[in-house]
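Look at the two complexes coming up: chain A is in both, with chain B in one and chain C in the other.
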Partner chain A sequence: MNLTLRIWRQADASADGEMRTYQVSGISPDMSFLEMLDTLNETLTERGEEPVAFDHDCREGICGACGMVINGRAHGPERTTTCQLHMRHFSDGDTIDVEPWRAAAFPVVRDLVVDRGAFDRVIGAGGYITAPTGSAPEAHATAVPKPAADTAFSHAECIGCGACVAACPNGSAMLFTSAKVNHLNVLPQGAPERESRVLGMVEQMDAESFGGCTLTGECATACPKGIPLSSIAAMNREYLRAATRKRGA
Partner chain B sequence: MAASGKQYSDYTTGDPLADTKAPGGPVEQRWSRRRFEAKLVNPANRRKHTVIVVGTGLAGGSAGATLAEAGYRVVQFCYQDSPRRAHSVAAQGGINAAKNYRNDGDSVHRLFYDTVKGGDFRSRESNVHRLAEISTQIIDQCVAQGVPFAREYGGLLDTRSFGGVQVSRTFYARGQTGQQLLLGAYQALSRQIAAGRVEMHPRTEMLDLVVIDGRARGIVARDLLTGRIDTYFADAVVLATGGYGNVFHLSTNAKNSNATAVWRAHRRGAWFGNPCFTQIHPTCIPRSGDHQSKLTLMSESLRNDGRIWVPKAPGDDRAPQDIPEEERDYYLERLYPSFGNLVPRDIASRAAKNVCDEGRGVGPGGQGVYLDFADALTRMGRAAVEEKYGNLFEMYARITAEDPYTRPMRIYPAIHYTMGGLWVDYDLMTTVPGLFAIGEANFSDHGANRLGASALMQGLADGYFVLPATLGDYLARHPHQEADPDHPAVHEAVSAVTGRLEALLSADGDRTAESFHRDLGQLMWDECGMSRTEEGLRKALERIPELRAEFWRRVRVPGRGRAFNQALEKAHRIADHLELAELMCLDALHRTESCGGHFRAESRTPDGEAARKDDEFAYVAAWEFTGVGEPPVLHKEALHFEYVHPTQRSYT
Partner chain C sequence: MPGTVPTFTTMATATRTPTPAPPDAGPRPRRGPLRTLWGSTIGKKAVMAVSGLIMLAYLLVHMFANLKVFFGPEEMNGYAHWLRTLGEPLLRHEWFLWIARFVLLAAVVLHGVSAYQLSRRDIAARPVGYRHRRRGGSYATRTMRWGGVIIALFVVWHVLDLTTGTVNPRGQAGHPYENIVAGFRTWYANVIYIVAMLAVGLHIRHGFWSAAQTLGVTRPGAVRLLRGGATALALVITAGFLSVPLGVMTGVVD
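So, the complex of A and B:
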């Protein structure tokens, strides 16, 4: 396949960026999107030009490092991570636009690389269960009903890639935050910190530069792990419950 | 560093090495004894001690969180943009623990026994027993953190079986166990970061170790965003930086996983244990072309229900569904009737190579075997298969564009894990006082072959339970003293780092670092992969120094050092791979026996299995660095087996 790529190039956080056009040829349909970019980067390096910077690591769709907006969609046309998107979903002669995540809370670091540190701070504000090492009771001391365990798991699948924020017209992080709140709040082990968790995480989320949620649902459509939109509703319930209790207390 | 034309002509043998921290007495009492005998640091004094932890995977994440909880000041590093992305995240299948919830005869002793035997009698009994003891606490700890393990309808934890064992002791979270365990550790770490007890440096890569007056006192690291080189000081340094499988270029490791931290520590005096013990995982998706950048693992758990086969006749290129049952060879079931498809990884991998070498491989280039779920789908129904393996099937379909529900998967072995690593004593301390290595970065518990679902167990055992107990003993014996930032050793380490980076940037060659990595990987896969021979290893030992010299002459690294520069990061890692590869080959050459994942074609039983030579090689090979291209010094740590007596492994 021969393709025309229009890629966002930006030297650093303070520099102005621009879309630049590159041609790549000899692309195999079995290549992943990142392997296609590897090909471009090897060519650029051989020519002494600086390769296109992009985050990537496991290339198995689980570490959440990669992510770019491809033809206007977070992670591109398939509902998966960029590393698991294969070139067979494109056609010979296509022109493909490649941009970084666009969100106020994710400043561009260079080219297609953004700073997602805000996510780590949201987790640090309550996205855990306080269980100091060595203090744990026997694992079977508390049975967890399978439906609760399954709900927890399906929310825990979030890989923190940031596609939800990138896809949202408001740049909101509600889906990301709700996934962690729901993972931990449905478990009996998470119950003691149920209120402080949701209040703390939402407060931190608001303190970062994320936008508000208007339930457009773009986040759940872009999520490579299928975190459902209902996750946001569940978090809103948790938040309301916690806020009411706090006021009552 | 650059362009030394010398080759390893040989090596010299130094003094034998003893693990002076290993306690004696009955094996089941050794860990409690060591913990009791270890000196403690008064809680009020802990905050005076700074501990550097490099890496945030299962070992590093759990260690950082636990040390901070205990009151130490932790300064932690990862090259990723977030500690949550360390490569432990990609482990699929599960984590072993001797809980015996199934009442199927499991026990601490059986897990100990299985692991020593699975490691082909090249690990320490004391360490493995400790690992088995701690395994049950790990599950308790992770459940308390909210790790969503698979559960049964009664609300209790589910388990499954893995290769090399006959009990069901593997706890799992669908095919994402590593991710869930890592998120548990990451969340615990995040709590400490938010509380100010861990100073976290993401996107920062350790490029050298600072050793002052014979003790590890800090690291030199590069801020990957700005390119700034900084020195960080501490009372102890912990390396939790994973394995070195990426020496082979194509592996199941993350693209940026690398050996720089352990290799630089080795060059600063930490001896390297059993570098040739690398694990080749039998169930990976075969490569599809030269563009391939990495290989994807399909969890070994698939071997619980999938059946592995190839056509009986060489060159049979019919579609799998057109090959009748009687013309298929379910070779693992045929050769190893009692373990069948669940033989250990090294055996399954070599068997796959053998049938492919016979011309019976399937798929492009004949480099693949079938992993067939037709029977399981009939027996369990599609819904049950989907529940158990859904995400793995989806991943396979996405990568290959083939539907594993209707067509058997194609799989082939790939480099997956390195049992070798920095030599550590029972306390997990390297030969550099104050430098510890945990998780895959050390050589300790898996001998010559790691059993499935044991990497996660070891990483978390080291990080949550072992290191926090043993590190205290070291710190208690070395009261805090400020490191001198103007010490000549500090300046030397910093200028070594800047010198290397400048040499890479100024080489002005015509080849990408990636192209050298591909050449090195191919060479290592051919000569130091699944089957090794004296001839091949000698060839590799000749070729690697040439490749290294060519690298420093011809590499081209665009951009600047004082900036975000991924090409520079990569070139630096590959430069270190080009040195480590040589030690791996030399270790493989010197060990003329076959054991576990190390298969020397010259040493096999009459029926073709790996033949150990216990009278000659029942030792850990710990290598001391003497200079690039200089003969290293081999120190042998003899292994003693009091409880599990070495036998030729049999899985038939």
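So, the complex of A and C:
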């Protein structure tokens, strides 16, 4: 396949960026999108040009590093991560636009790489349980009802990729935060910090210049892990419950 | 919760080393529930949802009351008079009306201020757009802000038209029926009214369902019901309100 790529190039956080056009040839439909970019970078390096910087790590859809907006969609036309997106979803001769995640809370570091540190700080504000580590606890010490385990597990699938923020017209992190809050708040292990978790994480989320939710549903459409829009409603309920409860216990 | 967090005595020795708490851990400064809510995006949205639902309940009653215009001047004007005596003798003359006006004004102000503040924040959170543009969300979702502004302007015009009578061609206090008919005989009143009611319908279609999400309705059955309910509510309210100018235009109401 031969393709025309229009890629956002930006030397560093403070530089002005621009879309630049490149041609790539010899792309196999079995390549992943990242392998296609690797191919481009090889030719750029051979020509003595600066390769396109993009984030990636696992290349198997579990680390969440490889975010980029392809033809206006977070992670491209399929509901998956960019590393798991194959070139067979494109046609020979296509022109493809590639841009970084756009959100005030995710500043561009270089080219397609953004700083998703805001997510780490949201997690730091309550996305954990306080329990002594060490030897594994007895497996039956805490009974977890099956529906709670299932709900927790499906929310734990969130890989923190940031596609939800990138897709949201308000740059809102509600889907990510709700996945993390619901994951722990439905479990008995998460119960002791149920209120402080949701209050703390939402407070941090608001402090990170993410926007608010207007329920456009763009986040859930973009999420490669299928976190549903109803997670946001569930977090809203947890938040309103925690904020209006008498604290002090 | 029974047996969730093991106590220190059951801990392995190796993990007993005290670790300093990370700077952002520990109890946060306590604020009252109202300040917490007003200070957060979720809380402010909840204020919007509750104030929106108060206005929606009012609109529903208002729309049904307007249909009295089809039963002639006595019925309409009698109803308007009754509204002023409602609650007597517990309340004094027109007190009910003033209480309702105060509640509605509070709802409009809270709703508008929240909408403005949240919208400013949302716009600032996406300072750079994508070069490859793509339309997202339904039409109703995309028009919430401009639709809201249209509705706000309409409310001002509407009060000047039929409450104070300032911009009404007749504007005679105590004679709403005659004022309505005189108003809708002008082309501009019809245009303003029809545009505003279409905006109200769209606003309710997204807003009603949205308010349910904001207030934490999660059961799939309930969410589906509310989504359908939002469309039904939007259609009933818009059609009900529009029937009045259509009635005057076609001469059914005269």
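Annotations
Heads up, the rule we're going with is that the second predicted complex is superposed on the first by the 241 of 249 C-alpha atoms of A that agree within 3 Å, B and C clash if a C-alpha of one lies under 4 Å from a C-alpha of the other, contacts with A are read in each partner's own complex, and residues count from 1 in each chain.
Everything that follows uses one rule, which is that a contact is a pair of C-beta atoms (placed from the backbone, for glycine too) under 8 Å apart; a residue touches a chain by one contact, two chains touch by 3 or more.
Worth saying up front: this structure is predicted, and the values here are computed from it rather than measured.
Touch criterion met: A:Ala125 reaches chain B and chain C at once. Within the superposed three-chain model, A:Ala105 lies in touch with chain C and out of touch with chain B [touch as defined at top]. Shared-chain residue A:Gln189: touches chain B and chain C both. In the superposition on chain A, A:Ser135 makes contact with both chain B and chain C. Of the two partner chains placed around the shared chain by superposition, neither chain B nor chain C is touched by A:Met1.
With both structures placed on the common chain, the touch criterion links A:Glu35 to chain B but leaves chain C unconnected.
By the document's definition of touching, neither partner reaches A:Val24: not chain B, not chain C. Note: residues 121, 124-125, 130-135, 137, 142, 189 of chain A belong to the chain B contact set and to the chain C contact set alike, using the contact criterion stated above. Remark: chain A residues 6, 8, 19, 69, 71-73, 97, 99, 102-105, 121, 124-125, 130-135, 137, 141-142, 167-172, 188-189, 191-192, 196, 199-200, 202-206, 209-218, 229-230, 232-241, 243-244, 247 touch chain C in the complex. Remark: chain B residues 62, 65-66, 69, 80-85, 87, 89-90, 99, 101, 137, 139-141, 143-146, 148-157, 173-174, 176, 178-180, 183, 186-188, 190-191, 193-194, 202, 225, 254-257, 288-289, 291-294, 296-297, 395, 398-399, 401, 464-465, 468, 510-512, 514-515, 556-559, 563-567 touch chain A in the complex. Considering their complex, residues 11-12, 28, 30-32, 34-35, 38-39, 41-42, 44-46, 48-51, 53, 55-65, 78, 80, 84, 86, 88, 109-110, 113, 115-117, 119-121, 123-125, 127-140, 142-146, 149, 152-153, 156-157, 159-160, 183-184, 187, 189-190 of chain A touch chain B.
For chain C in complex with chain A, the touching residues are 1, 3-6, 8, 11-12, 14-15, 22, 24, 27-28, 30, 33, 36-37, 39-46, 118, 121-134, 136-137, 141, 144, 206, 209-210, 212-218, 220, 223.
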